[in-house]
Amino acid sequence: MALLKVEDLKVHFPMRGGLFRRIVDHVKAVDGVSFSIEQGQTYGLVGESGSGKTTTGRSIIGLNTITSGEILFEGTNLTADKKKRLDARRDIQVIFQDPYSSLNPKKRVLDIVAEPLRNFEKLSKKEEEYQVQELLAQVGLSSENMYKYPHEFSGGQRQRIGIARAIALKPKLIIADEPVSALDVSVQAQVLNFMQEIQKELKLTYLFISHDLGIIRHMCDRIGIMYKGRYVEEGTSKDIFENPQHIYTKRLVAAIPDIDPRNREKQQMFRQAIKEEYEQSYSKYFNEKGLAYDLSPLSNTHLAALPEKG
Amino acid sequence: MWNFIVRRFIIMIPQIFLLSIIVFIMAQFMPGDPLSGLIGDPDVPQEVIEERREELGLNNAWYIQYRDWIFNALQGDLGKSFTQKVPVVDLIESRFWNTFWLAVLSIFLIYVIAIPLGIISGRWSDTWGDRLITGYTYVGYAAPLFIFGLVMLFVFGFQLGWFPTGGSVTPGLEPGSFEYFLSKVNHMLLPALSIALIGTVSTVQYLRSEIIDTKQKDFVRTVRAKGAPESRIYNKHIFRNSMLPLAALIGFEITTLLSGTIFIESIFSFPGMGQLFFQSIVTRDYSSVTALVLLFGVTAIIGALVADIILSVVDPRIRIK
Amino acid sequence: MPDREVSHHTNASKKVKKSYSSWRVFWREIVKDKIALISLIFLLLISLGVYGISLFLDQDEIVTVDLFAIYEAPSSEYWLGTDYGGRDVFGQLIIGTRNSLSIGLLVTLLSGVIGVIVGISAGYFGGMIDNILMRIVDFFEILPFLMLVIVFVAIVPRYDIITFSMIMMAFLWMNIARIIRSKALQEKQLDYVQASRTLGTSHLKIMFSQVMPNVSSLIIVTMTLNLAGNIGLESGLSFLGFGFPESTPSLGTLVSYARNPQVLEMRWWIWLPAAILIFVLMLCINNVGQALKRAADARQRRG
Amino acid sequence: MENSLLNIQNLSTSFRIEDDYYAAVDGVSLHVQKNEILAIVGESGSGKSALAFSIMGLHGKERTKIEGKINYKGQDIVHMAPAKLNKLRGAEIGMIFQDPLTALNPLMMIGAQIEETILLHKQISKKARKEKVIELLNQVGISSPQRVYEQFPYELSGGMRQRVVIAMAIANNPELLIADEPTTALDVTIQSQILDLLKKLKKEIGAGIILITHDLGVVAEMADRVAVMYAGQIVEIAGVHAIFENPKHPYTRSLLNSVPTANVIKSKLHVIQGVVPSLQNLPREGCRFKERIPWIDERAHEESPELHEVEPGHFVRCKCYERFYFPNKEKEGIGHGTT
Amino acid sequence: NNEEGSTAEKEGKKDDLLSIDDFASAKKADGEIIDGGTLTYGLVSDTPFEGTLNFNFYQGTYDDEVISWFDESILDADENYMYTQDGAATFEVSEDKKTFTFTIRDNVNWHDGKPVTAEDWAFAFEVLGDPDYPGTRFAEASNVQGFEDYRSGKADSISGLKIIDDKTLQITFVEANPSLLASGIWTHPLPKHIFGDMKVADMESSPEIREHPIGFGPFKVDSIVPGESVVYKKNEDYWRGEPKLDEVILKVVNPSVVTKSLQDGDVDIAVYPTDQYKDNVKALSNVDFLGKIDLAYTYIGFKLGKWQDNKNVMDPNMKMSDVNLRKAMAHAVNNQDVGEQFYDGLRWAGTTVIPPSHPAFHDDSNPGLEYDPEQSKKILDENGYKDTNGDGLREDKNGNELVINFASMSGGDIAEPLANYYIQKWKEVGLNVKLVDGRLLEFNSFYDRLEADDKAIDIFQGAWGVGSDVDPTGLWGSAAAFNYTRWTNEESDQLLAEGISEKAFDEQYRSEVYEKWQKLMTEEIPAFPTLYRSELTAVNKRVANWDVKPGTKLFNDRSQLGVTAEKPEVAGQ
């Protein structure tokens, strides 16, 4: 059984207008997304800005109201049962994009990391401190850091504090929304390494949201490509990067700059070719509203929103 | 933009309605009625007062009174002065234009003072000029208007005798003549200056910090990178952007101005609405007070409306919404 | 869209640093700004002096009318002369300053509490709640404050420092509410608030134990600047004839005597010291407040 | 190098913090030729933008001190009279800014903002100006230039705005273009379009371009030469192939190693220990990178490191590169940062 | 030593005490009166005047001053407010003293040249009696026979009015009453040729009243700045003769600038605030001061009952019901000191409730209740008000704590220290008096609460204006709603009735009646007067023929007013 199963998720935001600010339309931020994540996997969610990645993530933890669809966590429907959702909150945690704004600058590390503990567990001061110490050790920070404030840490360290906080309740699923895009390459590597490490250690499952395909390839087992609130393709890392089917996926993959200057020309030509293909066959791959069609399976692991044949 | 303006208008209606209810309730709580002033006048017996009370509906239930009051108010009848026994509207009417012109002159002076000072101190911040101007704004901010007004009157009116010390015009001049106009301005100048010198400080401060803010905006760097000379950067970009919010301030300025007139007009014996209000308070002429509260309130509501509309006209971000 | 923080962490971390040790930044700014420092020292001296001396003064005795000492000029017996009731002006000045300061503080605190609660709630919840609260704020701002205060003053049965402060409070919370709201709106966008939510922290706790510390420097700055204004307010009301009974001396009452031209011109000792004190108090508090403001807003900071 | 487009000699740009000046750009020398893209890479805070702004003369006078020489076509920009500098800026030297969200005047129409650049440097009729603007908008790939002309910045998406900023920078066909992270804020697909645009520019008008970025992929695709900056200094500068194929400086090598690429899937990435010190805490003596490679023998570093030409056109600072090696993979996994 | 010094000081203060007797009431010429000239009259007020410029409609006191320059009562009154035959009309009284026949002099014309007619006068009554008439002055005409019927619509005309011919009007009153002769008749004709076709409801706001009002007084209105100033030109056709002045300018002067205006000669005549007198008299070397006694007195009243079924009902169980307590309180306060110290002698201790502004009826020989704290203590001791619990304050007869609640009105600078002074004085004799609500009450709530017989009020300080007619029934009669003490007394009612009986047309008799009544009031003491007041007028030295005393020839005739120099004298610095 999948740890998390999202079925036909729709999140529409009302758009108001006119004299009385009535709802005149909806922004279909997420419009019929389905996927499932297996225990221990890292699932990547990619797409251009505004394609609904964050909204999907937020819906899973309950920060957004869901228009329709179901979210099943360990088989229980989070959308239906309010109490369940609260319990599940312990099991689903988040790592935020910006390590600077995601830690309250006025709180000590101790308070930050202990926050979830205080909410869900009644611990004595001693126990709490002990636990925080443990957690910090787990993310590779020594315990004297407990009484410091976030600004005294570097970006990578801060992101680790965020991770310590996220794993405090021993969650099963961690949603990481662009966890490194605010970091320099050097620091980025640090965090990515570390995320992989604790994944093994704690048997974590990740929903990894990013628009950097390089990182996605590095981290993820399965990948979903989003475009305008819909999936255009889903598959294993290999499926997506080596055998992209949807024109949009192809274009994304082609746009990744190659780190080898020798491939410059080749890459340029390839990109140009894909671009032409994209422009030519756009109307083929998308319906009249410019939205992707429903996914259809290409193999066991690979699905793509290809136009129906015939 | 039209949507915005219309919506803004619609918001105004409940505001005015609420205001009227508050004013009315307030009036009900206030001691006295239009006839209490007659108490102590040996020529008017108590029975006559009672009779008039009945006639004026002062013994009716409150909602009937409210209905009548609002109905009358809509027709421009705001009741009768407690102490002066004439329709409040008449009292106000005679003062209205004086206050209006005083306000116009004050606003004019406020901006005439604020804009150059704000610009100087914002553009050349941290220079001696700026320090001097900020010093002035601090002093102005700390000096209560009424103390300042008293001092102005004392120094320029009494000691130096440069300005008239009361009234709005020299008697006997032909209304409409140039001398009449000059005399009016002459009478308004000292009170308006007093209001402006104090009232301008917040605008100067605002403009200054707005310019300092804008100066550091990234887009200014862009303009500089285009090769625009400093003068153009300031005139075309920084000042324009900084003064936009100022345009909206005019609306709110009206509200502050009106409370300022309460002090200034009574200090300078300037026959305007502010003085009327002050007098009505001192003599507890509550019917005038309520009428003026309503009027000031409505003016403030309209001021806020004007501010929003001005802002929506000048700021494209609101205009389109 | 990732915003500018993305590529400017160094700046971001600098910002964070500032908001963290706000007291230290405040202090540094004040020390750097000599005028603010002098103002602060002055303020402390005045407050200490006033609260200290007033312990040794008998208020009842000071407000006792003495028909045979009306309008005495300053002398060794009456350091600042007497008023039209033959009462010692110096004593009234001391007690008046104490009262005016206390009122200013009380009003600022009370209105600050309401303003902060409303502001944080509106900013934090946003949407409908924000909309409703802000319409209320709008409305209160439109109300002709001075006039309504006067009416309240006329109808409260007992008129003293407490009731006065309560009335003022009812009309003075909007400014701070607005300022705190817009800051809270910004804070709310920050991930730490989202983080707290995903960690199961309740709204109330997020608002007051997570968000509030981050707007605290703004609260302090706003309250300080409000304090300056609130001290002036009482005197304005007294000037309009709505001050405290003379058995409760205040600076405003003393200044309002200057309405009488006789006092204004010939008996400066009654109103001038009080006027200067109001001015000095407001100036000093404002100087300190402006320094704090500069400290809290990096862009306006001096050199 | 004498006849290069831009020639910077020993440039230092210092900022006043509290009461002291700290150099954010510290003794940088470089040159840019016509028809050449020089990429500058480095971590955040290494002084890339500070360098760019120094060239454009965009630092406020009050709190910055600029020393050294910046020669543009033989003219000294640092000490140039403002009026003369203004003749160059926007005309011969254009700049694309990092942040498209804030780089435009929010209260001015797009058209007017681009037009301003032309207006300031060319005497042409209003109509001609407008035509030129429309053409520029087309050139940067905006599909409905007529409409965009009359729109305000907040009505455009980030990508659109970035293109507007570019249109503004190239309006007068500059001979030198400074692009400060022109694509950081953009999606990959848009990024590639913008990069194409820059390439076209180089080709068509033969401009010299300084491309500041921290994306090594972008560098690999765009640059002719690359300067790597660390803590205000250039630590390595060389042709693009040399940098990617034969990096010398420990920092360059570390950087290249920490990028996730197809061949390191699911394995450990290299981590650079520690953090970039803040401006006030920069070690001003010795090798600035020393503290981040503590396993390298102290003696490997020079006392006052200089740029050494290891190959023609390939310069490296500090001899420590000779003794540099990566510590063993296991340990390096999680670089326990010092605080 | 110290003691001596302060007594010396006190005496020193007393030396420059003022008395209203030191002031002349009239200013005669200091030299040759020149032909023509312009005089500026300062209307001392901190509010603008309202501008309802007609005697039949005006309501504010300031308008009265404005109107007085261009219009006048058709009858003159003398110093005792009794009508004389010297005015614009003369009259004869019938045997039964109920019917008056008035003859308007031939040369009395409106400013537009039309004669003032009997019809105009009758028209005034009709307007007052009109149901749409907005004011309250109809009360003053209600003694005319048939007026009430006309007013209530029962009659088409006022039966008591009879127009004999153009210039002769006969008025019959409901009852003979000496008050009629004491300014008890409505004497303000309304020009029918102007207002005849106007609706009564519109008159008040018509331009004929607000912008270019007319009368038959010595000056014509030339121009008006609403609320601020009026320019008058002389009425050459004035029935008493052509005025000496060419022009009079009236302008509102704020009390705070009146001294300055007088010094600079900006105004020639102005009622001068008494509290500023002592400080400025030296600086006003270019000015003469005139004085008169005000038609008013301040008093402290005791609540003795309540208003019930349209009459006052005494309640013998009120806190203040004991006349001895009242007496003791009256003896305890030193109004002489108050007058001298607070008002420099320009107000002085009151003795009876008919003030000296009515010299014919004020009883000089009645000393009232003088300041005598020993006496006060004695009375209290003797009547069982003893301090039984040793707190220094007396308990009531039954040994219960006695707190007397004192209501005092705010307004005027001295109100608050004055109230506190009284409280201190009462404390000195051992009475615990507290201010109601701990503060002064503002005008409206003060009267609201008095009117409603608020239980929280035991004693109060009020002020009464006295009418031009001395009759005190309206204030002290047992049916008078304004009698806020709610005191009733048969003997008093009887005396008051006698005071306005037909017999009382004999001034001697009337004066005796009121003498008795004043004595009764001093004994019964439902209230005791505290202060009588005076009014000062500052007049530039160049002004001639200005009299502030009502009823004098110059007071009634402003055509005599003139100046001795073109320009006003300016104070020498």
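Just so it is clear, A, B, C, D and E label the chains in written order, and each chain counts residues from 1 on its own.
Heads up, the rule we're going with is that a contact is a pair of C-beta atoms (placed from the backbone, for glycine too) under 8 Å apart; a residue touches a chain by one contact, two chains touch by 3 or more.
Keep in mind that this is a model prediction, so the values were computed, not measured.
Common neighbours of chain C and chain D under the contact definition above: A, B. Taking the mean of C-alpha positions as each chain's centre, the chain lying farthest from the centre of chain A is E. Between chain A and chain E the centroid-to-centroid distance comes to 89 Å (mean Cα coordinates, whole Å). Chain A and chain B have CA centres that are 55 Å apart.
Distance between chain centres (mean CA atoms), chain D to chain E: 91 Å.
Rounded to a whole number, the gap between the C-alpha centres of chain B and chain E is 38 angstrom. In chain E, the residues that touch at least two other chains are 256-257, 442, 445. In chain B, 30-31, 126, 158, 282, 284 are the positions where the chain touches two or more neighbouring chains simultaneously. With touch defined as above, residues shared between interfaces to two or more other chains in chain A number as follows: 49, 155, 184.
On chain C, the positions that touch chain E within their shared complex are 63-65, 67-68, 70, 84-87, 154, 157-160, 241, 245-247, 259-262, 264, 266.
Residues of chain E that touch chain C in their complex: 6, 9-10, 13, 255-257, 259, 275-276, 279-280, 337-338, 341-342, 410, 413-414, 416-418, 420-421, 424, 435, 437-440, 442, 445.
Across the complex, chain A is touched by residues 1-2, 5-6, 9, 12-13, 16-17, 19-20, 190-192, 194-202, 210, 213-214, 216 of chain C. Residue ranges on chain C touching chain B, taken from their complex, read 135, 138-139, 141-148, 150-151, 154-155, 228, 232, 235-236, 239-242, 255, 258, 264-265, 275, 278-280, 282-283, 286-287, 290, 299-300, 302-303.
Taken together, the chain D residues at the contact with chain A in this complex read 43-44, 158, 187-189, 191-192, 195, 214-218, 220-221, 223, 240-241, 244-245, 254-256, 258-262, 264-266, 268-272, 274-275, 333-337, 339.
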